[in-house]
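You will see subunit A twice below: alongside subunit B first, and alongside subunit C after that.
Now for the complex of A and B:
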């Protein structure tokens, strides 16, 4: 047998696993003996783990490209006909490779954090190394003993089984790494929080140091979730982007709690309140990140019985989760008497209290999702009954919560700390309140009857005007004070408090996103018809002519392609070509949507069925659906403005 | 913070939690959809008639009939022990075929026929058509409900 590079990767992972023990023991000895050399050893260990895991990833990617089907995992997730781009991405197309990617990102972040904060946070570093190494130990043990992507088989498979065709898509290539960067990103504030708990230095330090890590993790997670939605939208061919699928929920739960944490951290920074609460939130966020990873990749969502086919893995995952959570929450409980905040809430009409309700809403939202996602698993375990919780449950519960949160989003940034006077309220909210009511009136006159749309528009109007008002007032203030024009005043106002404005930009993105969601779900037009070549279909103002059906061939698929000409009156709009594909290797059919954008909305056509006489055509108009992604992009810009703000800009 | 204000705060928190909790509770029970096999459907007590349920089984070969020119179709679903007739209106998913596993959502009416407008196919990272086929016969209740989604 020739020398196989993939074995080098396997050895690298085993070495990394052993070094993670060094990463656990060295800082403990360092703390005990107060000898800095142990801590330096710990740093060398985590740095080496990162390099070793990089080698492991590299060799596995090389073996994918070399089409080495003697590696079980490669044979299960790729095929010699798979295009190059997806061959690399197939690495995270299954359980084993995803775990490797997860721990690789963890080691990269851990190493970065250790070197970055080495000088400024010497007291925290040992705990950081300890916590992160313990996590890496847990994951690497799972990889080596129970989910090994380097496992070989002899003889090698003649060819691979291929990557699930639905995953052969650019958005799906980036989606898992993004999500994982979010999940793993939260491990840094988590480790700092644990350091603060272990060491008993319970001030605000850990929050301030990890603020950018939190924001970065939140950005990655948000991007990952939105990418997943975008993928579902055009690849799954049902024209929606969020189906309350357990897999989606798994990534949404840490997002909800992470967002609550992001906000309540500000209260502690400014007012030294919510200390226990913030620690609770970050522990919760990271625990949900772990649960999210395992829910999606362990197969437990398919059925709890799939645990029975691989009991070791299931039991291990449960034990790992239980250990992390009981150590974290246990320490928090043990320390909580020392965490009493000396400052109390002054008034219920204050920014503190708005933040409190913001947190309450986010947590309730998380629990509703948690209940809907895990209730079926509990029922199946206890009663052996199969049950699902349908999207109507989530929609009915979630929409009011979301509108409540958006409403609070308008009040929070403008209301005074401690106790808002009537004057403060009147000055900030009277006009926006009327704008909101104005939106409501206009919408009602325009014929909108859905309570969700009406409520949504009113709240969006209110919040949009608080934001505009805020910007406007400070722009005018600085323009007058520095005797410059409004544009220069705007820039000064922005530069004076970039963090605040960046947050408002993100809030503005949320408004756009909400309008996109309301419009594309409530005002979607759908038609499904069996058509023969030459038939016409009227969809809203558009006429769809089914011109022909033909065969086309791609690199690893063949398809029946419908040609649909779209006209509006006499005017030609576009030609759409939905496909019904069959992938060569797995012989799986997929439905490829054809999309045309008009006025930020989209015409969405699929051909779900080809019959001897013609085809079934499903056509949708999704008004303003681009606002969903546009809103997401604006949110991202806001977060980037926050991340890359000049240091020391006041608050 | 004075005692009165504290009580005010607690009342408002309880009110918010209560309201949202009620919303969740009220909608939860209604939207639980239970999963059955064709045998269980045949043994349904009358209070299950007309209730939204999901049924998983294998589509019986040569039972699929499509109404020409419409989107209506009929087929039979079996778990090996019992077979039920299904009327379906809508778009079947990509993986729907005779001799394959399928899950249908709809209701069982007194006329001894299952009416459905949603069929689900497997949506999962692990692509295994043969297993799915077995799952449709041997383990309809066990193995493949939760990764299914409407397509």
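Now for the complex of A and C:
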């Protein structure tokens, strides 16, 4: 092959970089001269950037498939033996490609937003183009000058070093794009917020326009985080899905503030309050997305996600981050006198104040995660000492806050706006309160002693009944109004009040998720035993018989596979086959878990090590762990119903 | 509504506050600015540390010498006898789970470099029972020497926080690399591709004999 397609991609990225400058300058000139042609130019620029980056992605994927190991990045992240499926996903298996994916998604969203809102938001479009182009400029400069995935080497590597085996996994294929869609998705409401600040159109319009963008970004981020958890669960072989690892935290922090924003925005929509607050929250959300990128990509913190340490790159990302945050928060401060809402909080017992508490709780939750994540760095800076912050800190500090949030979730949707009367409170919350206490009593009698589990169940009982009540009221109202039976009323309620209906579904999903988390963390049974072939292990009601150990070969790995027969009493349950794999090229060992689902819980077996005489077997029972993913799925359905509801005025 | 090409759009005064609201510095403004500055400074400082390497004062200094019994046969091992060679010191213990994780990689690494006469690999058995340590080596295999640190003095000299930890000493007897935690994945390739080849190519010190 004489003509290298990958160079086309390289040129495309450089052109996109230059066009991002046009995207910055054109809207500025347009605003100054009040000449719409400049804005059109800006639009063409961002559209072209998107097309060029699509070409860049395409050529890189093509080169992966062609196994062109003269491209440094491809040689570092793939191998001729790597299965096709992962060969494409290897594009975001390293630093350089991840950044390209990041900015590609950014350009796609930016172009979509510009065309979508072109007619309805003429005053905002120039700022949107400006802000998004500036972000693309920053990332494209980083790609071209400091982490170029198109860099070549002569001579070409005979073969690639292979993708990190831990990343050779289906969940990992989708996890980074989902996360990035979440991070980058928040850039659209962020850009609209900045447009509102720059232009001085400080009303509620930006919130209404970007509501669906926010929900979409939130959905993508939530899905990404859950996928990451699922990956950690079965691929890392922890048997747990969340380890409070700095990189997990980096994705969790924007989620927490983004969730606060999602709720707080409703207050401004309905009551024109919390103006500064909402701008602050969206700037914070997007900043945390950037901080997340910084933490992951600069090597400031250690984590299971081992990325290369490179201070030069880190300094650049930090500068970029500092610029974005300073401009954003600086403008917010400068505009703050105009943002004071003339409307005051009427009563502390009102939906507004519940939302305020919701925001505070989310921010405090974010801050605890933030502190835990950065504490090692702070200590290192101040005392030149090393510490780590582990799950005990988070369980002690974060969990109570999370329960508080779930509790508020029960109150918020049902309490009255402005000022709730005693009657309103009694009608909505007296029975749920008793249901919650009932859950507490039953749990205590059943022998549950963990305060977290007891508190969790009480709160879940309370919130579940407020949600049921809420659905009941909606159903009864529409059944009476349309004179239909309750089943039809339930559906009418959905058709007439989809936003509320969908919101309740999401909240319901959260409850399921919480039960899954409580059950699978507090009531986990674990045993680690060194076994020889023929040995038995009793785990709860199950007997695990270690039948044999054998060698198996995959397309790019070989493994020792244990065969474990699981019985309960005399009944055969399943045969589990955990593996200890060695990947051919990198010679890295990985542990493949074998999982069997029973009653929404899972039996989880790994084989951390193989000895000549046998193996070490780690076996866990994770009760109700499927509720974690099930709850996540229900939340997702709720959010999708919210996203695809018919457009109506006002809401 | 018109699009951006058309006439400038008339913006209704959207905010209810009077337009002449003057800027006043408030507490939260200062707090926000202070928080941002602190954050950026912290990040900036954080960039210059390698988070996984404990900033040991030992790197670049002469490796503390030691004399101790061989775990398997009790014969005396003296680090000084390997001056002039690149020595990989791996601190381990039989009770350490992470050591088992890296064990296969240690064997692979040894296999790769054993033919090089300038390469020495040595285990340091850390806070362990002799029988357990011997059993561990029998079970998992050990083609290289292991010195028993039964008083813990070697570990103290090397500032070992916990096992596994790995030190690489160059031909001049200077500690050049330290790895905390198991040698797997990228840390493994870092050693095999960069650290060891570079040091093995380096010239022996003139006073090596």
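Simple rule for what comes next: the second predicted complex is superposed on the first by the 633 of 651 C-alpha atoms of A that agree within 3 Å, B and C clash if a C-alpha of one lies under 4 Å from a C-alpha of the other, contacts with A are read in each partner's own complex, and residues count from 1 in each chain.
As a convention for this text, a contact is a pair of C-beta atoms (placed from the backbone, for glycine too) under 8 Å apart; a residue touches a chain by one contact, two chains touch by 3 or more.
These numbers were taken from a predicted model, which means no experiment stands behind them.
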| item | value |
| --- | --- |
| Superposed partners subunit B and subunit C on subunit A - clash or fit | clash |
| Touched partner set for A:161, first subunit B, second subunit C, both or neither | both |
| Which superposed partner A:347 touches (first subunit B, second subunit C, both, neither) | first |
| First (subunit B), second (subunit C), both or neither touched by A:360 | first |
| Touching partner for A:125 - first (subunit B), second (subunit C), both, neither | second |
| Partner chain in contact with A:609 - subunit B first, subunit C second, else both or neither | both |
| Which of subunit B and subunit C A:30 touches, first, second, both or neither | second |
| Which superposed partner A:314 touches (first subunit B, second subunit C, both, neither) | second |
| First, second, both or neither for A:339, with subunit B first and subunit C second | second |
| Touched partner set for A:397, first subunit B, second subunit C, both or neither | first |
| Location of subunit C clashes with subunit B - one stretch out of 8-16, 26-34, 80-88 or 152-160 | 152-160 |
| Subunit B and subunit C contact sites that coincide on subunit A, given as residue numbers | 161, 164, 166, 299, 301-302, 306, 376, 386, 586-589, 608-609, 611, 613, 616 |
| Residue ranges of subunit B touching subunit A (in the complex, touch as defined) | 1, 5, 8-9, 12-13, 16-17, 20-21, 23-24, 27-28, 30-35, 54, 66, 68-71, 90-92, 94-95, 123-127, 129, 141-147, 149-151 |
| Touch list for subunit C against partner subunit A, complex | 1-6, 8-9, 11, 14-17, 19, 21-24, 26, 29, 32-33, 36, 40, 42-52, 54-55, 97, 100-101, 104-105, 108, 139-140, 161, 184-189 |
| Subunit A residues touching subunit B - in the complex, by the definition given at the top | 76, 93-95, 161-162, 164-167, 236-238, 243, 245-246, 297, 299, 301-303, 305-306, 344-348, 353, 356-357, 360-361, 364, 367-368, 371-372, 375-376, 385-390, 392-393, 396-397, 400-401, 528-530, 586-591, 608-609, 611, 613, 616, 618 |
| Interfacial residue positions of subunit A with respect to subunit C in the complex | 30, 34, 36-37, 39-40, 118-120, 122-123, 125-126, 161, 164, 166, 199-203, 205, 272, 294, 298-302, 306, 308-309, 311, 314-315, 318, 321-322, 325-326, 329, 333-334, 336-340, 342, 374, 376-378, 380-381, 384, 386, 582, 586-589, 608-609, 611-613, 616 |
